[in-house]
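So that you can tell them apart, the chains are marked A, B and C in the order they are listed, and the count of residues begins at 1 in each.
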Amino acid sequence: MSLLEVNALRVRLRGPDGPVEAVRGVSFSLDRGQTMGLVGESGCGKSMTALALLGLLPEGGLLHGSVRFEGRELTQLSDRELCRLRGNRIAMVFQEPMTALNPLHSIGRQIAEPLCLHRGLSSEAARGVAGELLHRVGMPDARARLDAYPHQLSGGQRQRALIAMALACEPDLLIADEPTTALDVTIQAQILELIVDLVHERGMALILISHDLGVIAETVERVAVMYAGRIVEMGPVATVFGRLAHPYSRGLFAAIPRIGGGRSGGGRGRLAAIPGRVPDLAALPTGCAFADRCGHAQPVCRLAEPPPLAVGPEHWAACGRLDAVLASDG
Amino acid sequence: MSVFLARRLATLLATLLFTSLVVFLVLEVLPGDPAEVILGTEATAETLAALRAKLGLDRPAAERYVTWVAALATGDFGLSHAYSQRIWPLIAERMAVTLPLAVMAMVLTTVLALLLGVYAAAHHNKPADAAIMAVSQLGISIPSFWFAILLILLFAVELGWFSAGGFPGWSKGFWPALQALVLPAAALALVQAAILARITRSAVLETMREDYVRTARAKGLGRDRVLWRHVLRNALVPVVTIMGLQFGNLLTGTIVIEQVFTLPGLGRLVFQAISNRDLALIENVTVLFAFIVVSINFLVDLLYAAIDPRLKARDV
Amino acid sequence: MSSPAALAGRGVLRRALRHPSFASGGALTLLLVGVAALSLAWTPHSAYLIQVRQRLLPPSGLHWLGTDTLGRDVLSMLMVGAQNSIMVGVVAVSIGLTAGVALGLLAAARRGWVEEAVMRLADFGFAFPAILLAILFTAVFGPSAVNAIIAIGIFNVPVFARIGRAAANVVWAREFVLAARAAGKGRLRITLEHVLPNILPILVVQATIQFAIAILAEAALSYLGLGTQPPNPSWGRMLNEAQTMIFTAPLLAVFPGIAIALSVLGLNLMGDGLRDLVDPRLARAR
């Protein structure tokens, strides 16, 4: 039994002009100790997938499909039961360290909170553990920082605090949603390294969400490329990057500046190498959602959603023109 | 002391100075001859001259203003012409009614508004929310003195639980005196509670959309726990701002409500001063009202610093 | 913020009528205006005729809402009182709107110390409640409706100055203003041609709310005897007179209050609705 099994996950959100399908049938599984990356442009549904796993969709969000954690169906659990898992067995690190911490509570109190909640520690004991955690995540002068407020810390330090908070109860699954996007490039590398080290050290499973292929390539074992609410290509990092199969993945890859590495050139939202814009999720065309921006598109692509096709061992891509795309490598 | 508070204190003093200037201009300069205001137009030239001499009105206006403000700064409220006695004891006696009334109303306002506002926000877009919003819309639209009259109709005329007005004085015992303030405080609180409940609701809703609230939920805190631990204190800043302004509103609201319930408070003192044309009394009570209002707002600024550690960071 | 042109667009009226707050508030306000207009031409009885033998009659076919302590017809007094409330609202809001918006526009156009001075003046206005100002006025000039209206109007000045300045600052930062400045247009012309038309919707919303507040304030002042003087009927004054008879004729203390509450409720609802219609973004965030 896998630690996490996601099957045909769909998320429908309330948009300004009616419902929007943010996630449209996502399936994957993850074992203990495994790491996986979700990559795609903003709005492709990767963050919504993560929030759906925790049952934290925005108000009015609807969830279909199945999310099994250690065999338990999370979509059937009450909020109370989910609360016992959140921050305890499944923890999440968010994108914006600037706003993800409560400005009115000290760092120590915020890190200690899940310990008091899930482990029943006294606030004294929790504070001790919080100090150790802060030290482990590389916070300089950790003990003294327990009484600091978020505004007194730098962005990198806040992200370390958020990671310490997520680690507090030694979760089995860590979800990191763009944990380095808001940080300086030099800090980015340190934080990623910290996350990788901690995942190995504690044998956690990791889902890393990023728009940045470079970050994914350096950090995880397996990658899933998402586009318009679906996974369009998935496989082991080395295999996928060795032979990118989906035209969208290729476009993403082409957008990375090769020398130096790190951030993708177009920043979030738009990719220089792919013409057109991310389609409106409220009014998706039939067939392949990428067809309008795809150089390989044929009329057949607009008839039906392409099924996943094997590219190599454990590597698949959902492209109706897969043969032609792969052949175009020449 | 922090720069933030020093600036607020300077603003407070400037506001008070400006208030005293406006009051002085309106009462003593605008009408031309204050003695005529006090005695009326039918007064004879001799009595007017006598009064001018007695009150020192023959001195230039600027000099009179400076003398007055200087006296005020030392806590000297001067003499009441109509009562022929010092003003401060008069005020102190009336404050013993008005302040407890305003404080009671404020407490009632706060308790009601926070309960209703938070409850409505926690049940956003549900019937309870809609009902609370509808009632508060009605509350905002009702004049407080009419609500006071309705309260008298129900609790004094129909049920006979409270008296329709008057005040026995604190010397007759704590409870009877307090009881006389219950209906007035409720009347004052209704409108303010309706406003504050709406502010509270929208502040809570706004805070619930913050990232750190999602973080707290991801830690495994249930909805109610997140609400009490993370949302409320953050939502408090706008709420406290409005509360500061509302205390001022309540205080001036007492002028009307004291009239409805014939309570011997500051408001009625101002009123009697007007019919007695007691200029010195009007001037001083008006400035006192302004002083209390701006002091409360200063206290609110102090409260901010207690609520939000980011403000302490501005300390130098 | 949408431009006035967009507000005047074709679909807006239909959208407005379907907006529950605006529609119900508008209906109540129309009722208020209609009753006031009707009372100019017709009232069931005279609102001024004193008939001591007809005093304190209960509601009947002849006097629908009964008569007061002096035998005057309550319904007729309420109808004429509506004129009074509207007059107070219109004049007080006009004073505040004219002076306040002028100050606000000046602050936004000149910035610097002018803006600072206007804003500090506005701050002071907030620390000095309308009712105290009215009391000061009556202390000097004697109680009258005009003094009450002026006091309420002055109280409105800082409200409009603040809102006008904030909204105008937003417009001054927009590209078309920049373009106008680049074309060499002066500050006054830009203010009149671009800024004022663009902040109009916000001002209309605020004027509606202030109208409601003015009605409440005038009622309170008249109740205290500082506003409208007899024999002119005013709702606040009627409540004052009714209170003396509260044990014998309690209904007298009910009707004028309902009239005030409904008028204020109507204006408040209309203001809320207008705000949603002018700025749909805010409505959705709610």
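What we mean here is this: contacts are C-beta pairs under 8 Å (C-beta built on N, C-alpha and C of every residue); 3 or more make two chains touch, one makes a residue touch a chain.
Here the structure is a predicted model, which is why all the values come from computation and not from measurement.
**Student:** Just how many steps, at minimum, does a route from chain A to chain C need if it may pass only between touching chains?
**Tutor:** The fewest steps needed to get from chain A to chain C is 2.
**Student:** Quick check: which two chains are joined by the most contacting C-beta pairs?
**Tutor:** Chains joined by the most C-beta contact pairs: B-C.
**Student:** Report the inter-centroid distance (CA atoms only) between chain A and chain B in whole Å.
**Tutor:** That gives a centre separation of 53 Å.
**Student:** Please work out the Cα centroid separation of chain B and chain C, and write it as a whole number of Å.
**Tutor:** Once rounded, the distance between the two centres reads 23 Å.
**Student:** Which chain A residues sit where two or more other chains touch them?
**Tutor:** none
**Student:** Quick one: which bits of chain B touch chain A in the complex? Just the residue numbers, please.
**Tutor:** The contact residues of chain B facing chain A are 124, 210-212, 214-223, 229-230, 233-234, 307-310, 313.
**Student:** In the complex of these two chains, what residues of chain A are touching chain B?
**Tutor:** Touching chain B: residues 54, 56, 59, 79-80, 83-88, 91-92, 94, 96, 99-105, 113-114, 117-118, 149, 151-152, 162, 165-166 of chain A.
**Student:** Give the list of chain B residues in touch with chain C in this complex.
**Tutor:** Within the complex, chain B touches chain C at residues 11, 14-15, 18-19, 22-23, 26-27, 30-31, 37, 137-138, 140-146, 149-150, 152-153, 157, 164, 202, 205, 245, 248-249, 252, 255-256, 259-260, 270-271, 273-274, 277, 279, 282, 286, 289-290, 293-294, 297.
**Student:** What residues on chain C touch chain B, complex-wise?
**Tutor:** Those residues of chain C that touch chain B are 120, 123-124, 126-129, 131-132, 135-141, 212, 216, 219-220, 223-224, 236, 239, 242-243, 246-247, 250, 253-254, 256-257, 260-262, 264-265, 268-269, 286.
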